[in-house]
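Below you'll find the structure I mean.
Per-chain numbering from 1; labels A, B, C and D assigned in written order.
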Amino acid sequence: MAEYNMHILVCGGTGCKASESELIKSNFQHRLNEFGLSDEIQVVLTGCFGFCEKGPIVKILPDNTFYTQVTPEDVTEIVNEHIIKGRKVERLLYRDPETHELVGDSKGMDFYKKQIRIALRNCGFINPENIEEYIGRDGYAALGTCLSEKTPDEVIEMIKDSGLRGRGGGGFPTGLKWQLTRKSVSDQKYVVCNADEGDPGAFMDRSILEGDPHSVLEAMAICGYCVGADKGLVYIRAEYPLAIERLKIAINQAREYGLLGDDILGTGFNFDVEIRYGAGAFVCGEETALIHSMEGKRGEPTVKPPFPAEKGYNGKPTNVNNVETFANIPVIINKGPEWFASIGTEKSKGTKVFALAGKINNVGLIEVPMGITLREIIYDIGGGIKDGREFKAVQTGGPSGGCLTKSFLDTPIDYDNLVAAGSMMGSGGMIVLDDTDCMVAIAKFYLEFTLDESCGKCTPCRIGNKRLHEILEKITEGNGKVEDLDRLRLLSNVIKDTSLCGLGQTSPNPVLSTLDHFYDEYLAHVTTASCPAGQCKALMHYSIDPDKCTGCTLCFRNCPVGAISGERRAPHYIDQSLCIKCGVCVAKCKFDAVLIG
Amino acid sequence: MEMINLTIDHKPVVVRKGTTVLKAASSIGIDIPTLCYMKLDDMNIENKPGGCRVCVVEVKGRRNLAPACCTEATEGMEISTHTIRVVNARRTVVELILSDHPADCLICAKSGNCELQDMAHHLGIRQIHYEGAKSMYREDTSPAIIRDINKCIMCRRCETMCNDVQTVGVLSAINRGFNAVVAPAFEMNLDHSVCTYCGQCVAVCPTGALTEVDQTGAVIRALSDPTKTVIVQTAPAVRAALGEEFGMPAGTLVTGKMVAALRRLGFDYVFDTDFAADLTILEEGTELLNRLSAFMEGDKNVKLPILTSCCPAWVKFFEHSFPELKDIPSTARSPQQMFGSIAKTYFADKINVKRENLVVVSIMPCLAKKYESSRPEFSVNGNPDVDYALTTRELAHLINLGNIEFKSLPNEEFDAPLGESTGAAVIFGTTGGVIEAAVRTAYEIFTGKPLPRIDFEELRGMDGLRKATIDFNGTPIHIGIAHGLGNARKLLEDIQAGHSEFHAIEIMSCPGGCIGGGGQPYHHGNAEILKKRQRAIYSEDRNKILRKSHENPYIVKLYEEFLGAPMSEKAHHLLHTKYFDRS
Amino acid sequence: MNKIKNLADLKKLQSEVQSKIKLREKGDSPEQLVQIKVSMATCGIASGAKETMNFLIEELDHQGIDAIVTQTGCMGYCYAEPTIELTIPGKAPVVYGFVNKNKALEIIEKHIKLNEMVDGIIPVAYSTIENK
Amino acid sequence: MPGIKLSEKTIGIIQQICSDFRNEGSELINVLHQTQGKLGYLPAEVQEVIAKELNISVAKVYGVVTFYSFFTMIPMGEHPISICMGTACYVRGSEQVLAEFKRQLSIEVGQSTPDNKFSLNCLRCVGACGLAPVVMVGDKVYGRVSPQMVKNIISEYKEGCASEAKSA
């Protein structure tokens, strides 16, 4: 195989793919071909770089140039200027939002400075469709070491010593889980990888599977060796076609190389992996529901115990871990548990991948050491709040989590601190909110999600969440009463206390946490029927300031419902009975004459 | 056996490992309320989805409340069943259910028998603090069952019965979240589905979501119509359960009071389905013997085993699921239909009443009987052999409407000629009974000798699948018994696969047989009630002087006067039927 | 591809393929490595820059020296092609002209290994973007 | 209940899919995925064939189909439009975008236009949060969509660029 002098890495994550990164890749290949450079320069479609805000990303190595928001048309310029003439294309370089200076090298970007990439170590680095690149990065070495040099108990001890906890949300110690499954006696056991990532706004598992599928397969095999399973199943959302495709390729390659299948590395250990598809049910992230779904049933959870470690898939002991958890395993084996445990806080070791989104400049996927503060994430990595607005809160843990306010900006982030703060780690969604976000509406948004995704099996989640949502709806429509706020809290607590599974037990968290931190905002909705953030439509009122209105008729012409009337060059008027509060008039008015109150 | 020590409400209790908190509590007299939970002991029927969350209790050291019905007791557990946290949660959960429930308790078919209503009463709920959207599903009426799933509380009992126990698979949880309910595929009407009308869903439904089609109004109209002669037949299992509706202990035989009540209600003749059961034995028994002898003589066209055909749910079940086996069951009609057929011919002639003016009402422990009586092949020129099939529960309503104080009624006798029966007919009401009755007669006809013993204990019991070999004087006859359609399915699959060892098989759809029928007083999950009814049936048999069907003098007379002989052409025409492929 | 039979085989394959992506790993910390840029515009290629570059890569690899060899555009010293720019960590870049295989070997042996500059240095006429 | 009659060919396709999965009831979800992939949706008649082939009750099949949001019993429009309602998109205004689509197409979520050209659905996070709010038409992703862009997106498909959308 030819060795390349230069590598052009094109992000093939879903976000960038949506912006035609595949076309960018093929354009590169065409141009390089024209210059006869195809043998010297390799173009690779990689997994997600994480810096989705500025995608598509193109990185050129070895000089480590980091181009952002590249379009297929830019390729010619990059080839002509950078590759041939050695001049970086300045307009595509990342510009530091604070200093406004160009940053040519990703090392110099704040976005990457504070990150430690363990689970994402190969994302944006290797070609996920080439097993040899993974092997070149110590891939399958951990599996080889485990099979040839360690007993399952020794490996489990290593995982326990590393302090790794489940990254799917609950934070259950991974080593302990493996040990429980190992202890169960059965003729058949299973290893399941939970890739049914469903939190709205979290996509780390998808990125890992798209960018580094072998790390998950390797870890599953190690897990199989430890718990005594020869069969692995990846339960993956059907909505992730690219991840599925890459995973399939990876499984086939691993089989071809003898790293999955019978007698792996001549050790007599057998392990193979199959894919099972989710079909759009958030509750299937819950282990027991996931197992039912894999069995071809409705994804309804059942009461635990019995835990899957005792009675799981097809009634057999089953170890379920999520993608990110697995992705950490090979590194722990290769670098040692002490190394891993040296990162993070006392009870939360290693790193966590967060999907940073919302009102923040650098939307993207980041991997940071446990114990990092929110401030570092939001301001250093995230580049601060979008449009220079004021930070209000950050929502973590998705529909199961809560909001962290300014006062938590300097709290080190780990499992326990987040729970103590009334939120949770969840799968790692981190939604940044600014002063224009209404917290009642946010709570309602998450509840809507739960309502949609509740399986309907238990009463509190099926009916309780519906009633919670109805109360919130009343409040955002200005029909709430102060007593409703007490009722919200009361009902929330009962739902938490009595629901069958994790979904219901955590579903009121967004409500409780916003009630705790933003009670005044709730109060404003119920006492003065106003929305301080100006987001609740029903509580808004559009009018035209006659002093500012020039009668240009722009609003009149753009109003979709004909609610605006008025003569040319005379102040216009909005008919409140017709107004649907769409905001078009505000957007169109050049004179700031439309008032919202 | 490992033992577990725990305390419940500060009382220490020792239970076997594997015991639930619910059972542990009940063993020391603490009754934790339950709603979705149901267990029929010894019958392998259990429904514990842990879904309603009414049975939650506080476990020391646990973050949230635990459902008692599906939480195993563990060593050192400290349980509290009525702290303020628990009571508040329990009441809130019930309030939530009520907030999504039609508020028509006063006129609901289940009023007075509703477990949700009882629960609201038990918890002293006086106000529902939650209001909002309610489920909006349409009502579905079939020949036997009404579904009003706006009253469904997702306890899933019906789903368990329909799928796990009966393996019919009509009902399933559908949709999700707030819209989740239990319904047939595509929310189709039951009468488009493969529903057998066994009624076990109705028997276990805690609310008014599943109820029977009420025909009491039609019966009252018939009774008040002077042009009609209204006669009634009562199935054997009814007399062993009707008393429960009037507060009498389970297992009380109320045959005489039932007859008295029916007479007071205005029925012109009070007859007994048992008479027709004896008739069934003669027809079915003869058919069995014919097939048996032909088989033994090597006739390759004869198929064995022969299957009983008294149970209409079972008949519909194999018509849907095993149509290729439809020539295996006996062609004998069920006792209800034999009765109707004889009543509207032989008896109508006897009392000189035109068929159209004779109304035959049957009192059945069963919902499928309503459907059976409506099958077109059981009517002549649109006039059904059996006009109305009421359940035991409907009869109780009628008696109440008649202002009859049931408990103090005298014992009265059935009318002749269709009221006389033997002990063999009585045991039709329980699993194993039909085949035992058939053995009593077949043995004597086959061997030409009197039975050395009359009680066949080996055919009795509550196990879902039973088998026995009866020595017919040197010829071993292998008999299989199944109750519950899931068990029946296993036997049918054996037959399909060609390795059934049996000569004859008795099948009843309902767990326990007709005593556990879908039309019986609600057992509310108490299997003891079924066992007591069974004991009552066997004691009625023992108390009879005549205990073999062929000894019933009125049956003998019927053949002499009217039918000729069992399996005669006339008998064929009036007492036998054929089956349809409904797959 | 034949199946990998044991751990030793795996390690063998690993070292084989490692060099293929080493470039990217080095790219993560370029400032700590020896960097060589080979001017590869039309004139450079015509003068044998490609051969020089390949030789540099092979030789450095052979000797186990971690270095980044990249191609770059025209440096402007067309008269002295092939030209390379050598940066030793912590030192200012140095440009050599007329770098054929022999010269390249000399540069490796003396400048890179012993930090002794050799003949043929061209005075730098401008600063690169990176140096700005 | 069935309202349409399946062709022998369609039945053959379904039977093939079922036998690819060894006619095992536990493979129901895989079978449904494949079938919907081939036929576009899962009408009652199709579910009946699947139930028969896998020897499970049709109620169970329906229970599963109605449980998972990925499965649909209604044929999708020629150009299925999906609005991402993930949190990132929500806080960046996807609600307004959805409202605009509803208004422009005069249909509700889960419906198709009378000419069957468009159908409208919501989905939860396609993982392109950097482009929020995100709209998908077929497999094509539109990022940073504003209500003002909705009209243009729709007209792209109205005026016969259908082939491009299909190939994506």
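Some notes on this structure:
Everything below uses one rule, namely that a residue touches a chain if its C-beta (ideal position, glycine included) is under 8 Å from a C-beta of that chain, and two chains touch if they have at least 3 such contacts.
Bear in mind that the values here come from a model prediction, so they are computed numbers and not experimental data.
Ranking B-D and A-C by contacting C-beta pairs places A-C first. Chain centres computed from CA atoms place B at the largest separation from chain C. Put simply, the C-alpha centre of chain C and that of chain D have 53 angstrom between them.
Averaging C-alpha coordinates per chain places the centre of chain B 45 Å away from that of chain D. The mean-CA centres of chain B and chain C are about 89 angstrom from one another, to the nearest whole unit. Distance between chain A and chain C, defined via averaged C-alpha coordinates, is recorded as 40 Å.
Shared interface positions of chain A, defined as residues touching 2 or more other chains, are 281, 298, 452, 455.
For chain D, residues that reach two or more other chains under the stated contact definition are 60, 63, 67. Residue positions of chain C with contacts to 2 or more other chains are absent. Remark: the chains found to touch one another pair up as A-B, A-C, A-D, B-D. Only residues 163, 168-176, 183-186, 188, 192-193 of chain B touch chain D when the two sit together in their complex. In the complex of the two chains, the chain A residues touching chain D come out as 13-15, 18-19, 51-55, 198-203, 206-207, 238-240, 276-282, 293-299, 314, 355, 357-359, 363-364, 395, 398, 429, 431, 433, 437, 442, 445-446, 449, 452, 455, 560, 582-584, 587. Of all residues in chain D, those touching chain A in their complex are 24-30, 32-33, 60, 63-64, 67-71, 85-88, 90-92, 96, 99, 103, 123-132, 134, 141, 143, 147-148. For chain A in complex with chain C, the touching residues are 1, 3-7, 9, 40, 61-64, 83-88, 104-105, 107, 125-126, 132-133, 135-141, 144-145, 147-149, 256-259, 265-267.
Contacts from chain C toward chain A in the complex involve residues 1-7, 9-11, 13-14, 17-21, 23-30, 37, 39-41, 53, 57, 68-75, 129-130.
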